[in-house]
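Everything on this sheet refers to the single structure shown next.
Labels run A, B and C following the written order; every chain starts at residue 1.
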Amino acid sequence: MSGELSYLGVSLSRPRVAFFELTSCEGCQLQIFNKEATLIDFLSLVEPVNFREVMDEKSNDYQIAFVEGAVTRQDEVVKLQKIRENAEILVALGSCACFGGVAQLKNRFNDMEWVKKEVYGDYPIDTQQARPLSAEVKVDLEIYGCPIKKEEVERIVVDLLVGKAITHPKYPVCMECKANENICLFDLGEPCLGPVTRGGCDSWCPNSRMGCWGCRGPAEAANMDQMIKIMARHGISRETMLDRLECFGGFAGYVEEMRTDETNEDIQGNSE
Amino acid sequence: MNGLKFYDVLTEKRAPRVRDFERFEYSFEAEISNVYSLTETEKLYQIRISDPEKRQRFTFRPGQFVMLELPGIGEAPFSISSSPSRHGDIELCIRATGNLTNFLAKVKRGTMVGISGPFGTSFPLEKMEGGNVMLIAGGLGLAPLRSPALSVLENRNRYEQVDIIYGAKKPSELLFTYLYEMWRKFDINLKIIVDTPDETWDGPVGLITEPLKERIAAYGDALKTDTYAIVCGPPIMFKFVCAALTEAGLPMQKMFISLERRMHCGRGKCCRCNIGSTYTCLEGPVFDYWSVMNLKEAI
Amino acid sequence: MIFRVFNKEELSALFDVLAENIIVGPVEKALDKDGIPLYSFELVRDYEELRLQYPSTKISAKKYFLPHNETLSSFSVDKEGWTKHVDYNIYKPLVFFGMHACDINALNKLDKVLLESVYPTPYYGSKRKNMFIVGVNCTPQSHCFCRDMGADTVQHGFDMFLTDLGDRYFVEVLSAEAFNYLDRINSREAVEVDHLDYMKRVKERIGKFTSKVDTTDLTKILDMEFDAEVWREWGEKCLSCGTCANVCPTCYCYGVDEQVDLDLKGAHKIKHLHSCNLLDFAEVAGGHNFRPESYIRLKYRYYHKHRGFVEAFEESLCVGCGRCGEACLADITVPEVIASVRGEG
């Protein structure tokens, strides 16, 4: 697995990489080791020095840190800050790391103590509002998705090696969904966030006739006003739409705006 | 098995354009024969088509571009900066700004690249013979302008007055500084101006429109009859330059501009360089100012 | 032109003789929420799956001649250099059984820009030249405006075209291959009564068009109304999602991605159909975007289809199939956009 790497006569350095997890299901890391067909090639490009799921050795001498999961405890803040100090490139791996992910659903409750009690009973545990890595440290690169797509990680690693800029699709999921010739979920009477969610997943869920839940966060020209109208026109309730928008945390800003609008409408409604 | 016959577009005798089909993905094998650093971000690449016969047969006109490809890294259009008399020993002046150009900045001499083209329209230098020629460039705009400049130089006696007016932001960004002395020796009226001077600079400071005004005044009525202009640079620059020249009486059809757009094919197929209905790669990159005025969104 | 006739019961025989090739045709893909069938062009192995009476497909047949994603070339790379391998990605002729006039017209329009201009593209060319097309007449739907775009009938670009006369099919025969196939089933020469029935059928069909698009002076009007406020209104609706381009039978714009293989021993050059509505359509290296706003991108879609292409080829790049308007979740339809630009919306 050692040996000089080069491409078109340009020598490439094989980066030392480490994988870490905060509050998460570790599913994104599992994705990386799930695809055996390309695993050997992948491992010849990078040198893993810290990967709890698959190896015992641990080193803090790495260049790229892939961090999965949301920040929900104080010890995770400390851990993340250490990683940041050690890594040249800190990569947020998956929706939890990028947006808070499923864990941030608990932020919907106003009373954190009540949530803690409901879940853990009297067991003493530190739990805070779930937040993305970027709330605590500088993040150099985000890899979206719940879970991430292995092919995308492979592409990103190769691109990093040859010095290409890492870019994500700016268009929404619809673009890839139509290219896959799926039946539009709205034709089937299902809600779908495809029109406003960032593509790059190859319309993974709609390919199986499941509406998009927005795990990759908003597309770069997301037209949320129109999305609200589309949902309404198809008889899908605002609450259903909000449930989806809130699921992974990528749409936090939009949700806040929609909730504020609702509150304003309520106030106006009451005053009439 | 029975059934319809498979129609092979490359071998079928009925195909009217077999050679054209082949040409679509055709690229010359070429190698980077030399690299010179011009500034911090720009390099001049000498690229030589490997096959001597194909190299000699490769002809282009000043203003045309080639597509350069590195497998897996990318393919992009670059206007040719060398003189047409050099045939398939072309020179490209490239700023490291994207995936392909950043990788190019790292490759060694001898690296193999793919070159296809030449594509697009050119500056009509033959038409300009017997007249005055003003070559006006801003920033990286000197790269596409170098080819017509060298061509005019090689045939200096065919033109009357020749001007090169060149503006850059900083002295450190000036391209081809080693050529300036030679240009002056060939009786070229060279004006160089920078926006932000540093301690090394003792030349004029300001916008390109200032030396341009001087030259316009010097030309006087000759602008209306015997003068051509070639303008390359950022949109904001050629907008002002062309407006000033038009006001001074230079006919719009005698002013030529090279436009930059996103291109993925260079062959009028991908539509990415489309300005309304006009393909920059086929009908451009060189347009006369009248055509540009008629293109919505061009400036 | 040669006209032939065969009884309806012979249709399956025609399918059978053609089935020595691969057949693509309209099939039922799903039922929508109201139980109405949705159709698409798929490989048809069994005559029973074929739905020749289909109203329209949600997406055009373009995956067979302009695939959404296509590997243009692959490279092997080693220390010495590299080699390029080109593959046009078609190895067998395909029979298209049941294309409507609009979709055949779409191919004829694509031929003009992709085959009959400089640098004809072999990727499209090799697929197009290996299409055997059996056209079939259709019933105009509420979203169809092909008649206004001059694409409700088709004169060339197919092998045979079937018109349903009730108990029999009237066939226009354009190729020797088509003639030979018809010879293998029970067909006969068309006679006067067939001609009269055909003409009657055509007249009935014309009466069924409802949607109207006025294309008079449209190239000029689009230039005059370049700064019209209506573009901004449509832009506000637009999702910039590329759906209109993806379902369109004539949208051919694309982007190319090059990717180094994971083992660093090769690379691939992949073409993706793009859409002029996508945010980065006109972004250049360095980040400058010539069309940052959605209304400008939407406007350029209309400029390319209804002005630019007309200037270049004397006809619009739109066949009026209405798929874009049907698929657009924001309800942006060509007839409404054009009417609004004409000040009639």
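Criterion: a contact is a pair of C-beta atoms (placed from the backbone, for glycine too) under 8 Å apart; a residue touches a chain by one contact, two chains touch by 3 or more.
Source: prediction; values computed, not measured.
Chemist: If you take the mean of the Cα atoms for each chain, which one ends up farthest from chain B?
Modeler: The chain lying farthest from chain B is A.
Chemist: Indicate, using Cα centroids, the chain positioned nearest the centre of all protein chains shown.
Modeler: Answer by centroid distance: C.
Chemist: Given the two chain pairs B-C and A-B, which is bridged by the higher number of C-beta pairs in contact?
Modeler: B-C
Chemist: Mind checking the centre-to-centre distance between chain B and chain C? Centres are C-alpha means, answer in whole Å.
Modeler: Going by mean C-alpha positions, chain B sits 37 Å from chain C.
Chemist: Counting only Cα atoms for the centres, state how far chain A is from chain B in Å.
Modeler: Spacing between the chain centres: roughly 44 Å.
Chemist: In chain C, which residues are in touch with two or more of the other chains?
Modeler: 77, 82, 259-261
Chemist: Please output the residue numbers of chain B that touch at least 2 other chains, ranges allowed.
Modeler: 70-73, 98, 112
Chemist: Provide the list of chain A residues touching at least two other chains, using ranges where the numbers run on.
Modeler: 7-9, 162
Chemist: Where on chain B does chain C make contact in their complex?
Modeler: On the chain B side, the touching residues are 1-10, 12, 15, 17, 20-25, 27, 29, 69-76, 97-98, 101, 112, 114, 260-262, 264-265, 267-272, 274, 276-278, 282, 296-297.
Chemist: Going by the contact rule at the top, pick out the chain C residues touching chain B in the complex.
Modeler: Those in contact with chain B are residues 20-21, 72-73, 75, 77, 81-82, 84, 86, 88, 91-93, 95, 113-114, 117-123, 125-126, 129-130, 132, 177, 223, 226, 252-256, 258-261, 266-269, 274, 276, 281-286, 290-291, 296, 300, 303-304, 307-309, 311-312.
Chemist: Can you check the complex and tell me which residues of chain B touch chain A?
Modeler: For this pair, the touching residues of chain B are 70-73, 98-99, 102-103, 106-108, 110-112.
Chemist: In the complex of these two chains, what residues of chain A are touching chain B?
Modeler: By the definition above, chain A touches chain B via 7-10, 162-165.
Chemist: In their shared complex, at which residues does chain C touch chain A?
Modeler: For chain C paired with chain A, touching residues are 29-30, 32-33, 38, 40, 58-59, 63, 68-69, 77, 79, 82, 236-243, 246-247, 259-264, 272-273, 275, 278-280, 294, 327, 329-330.
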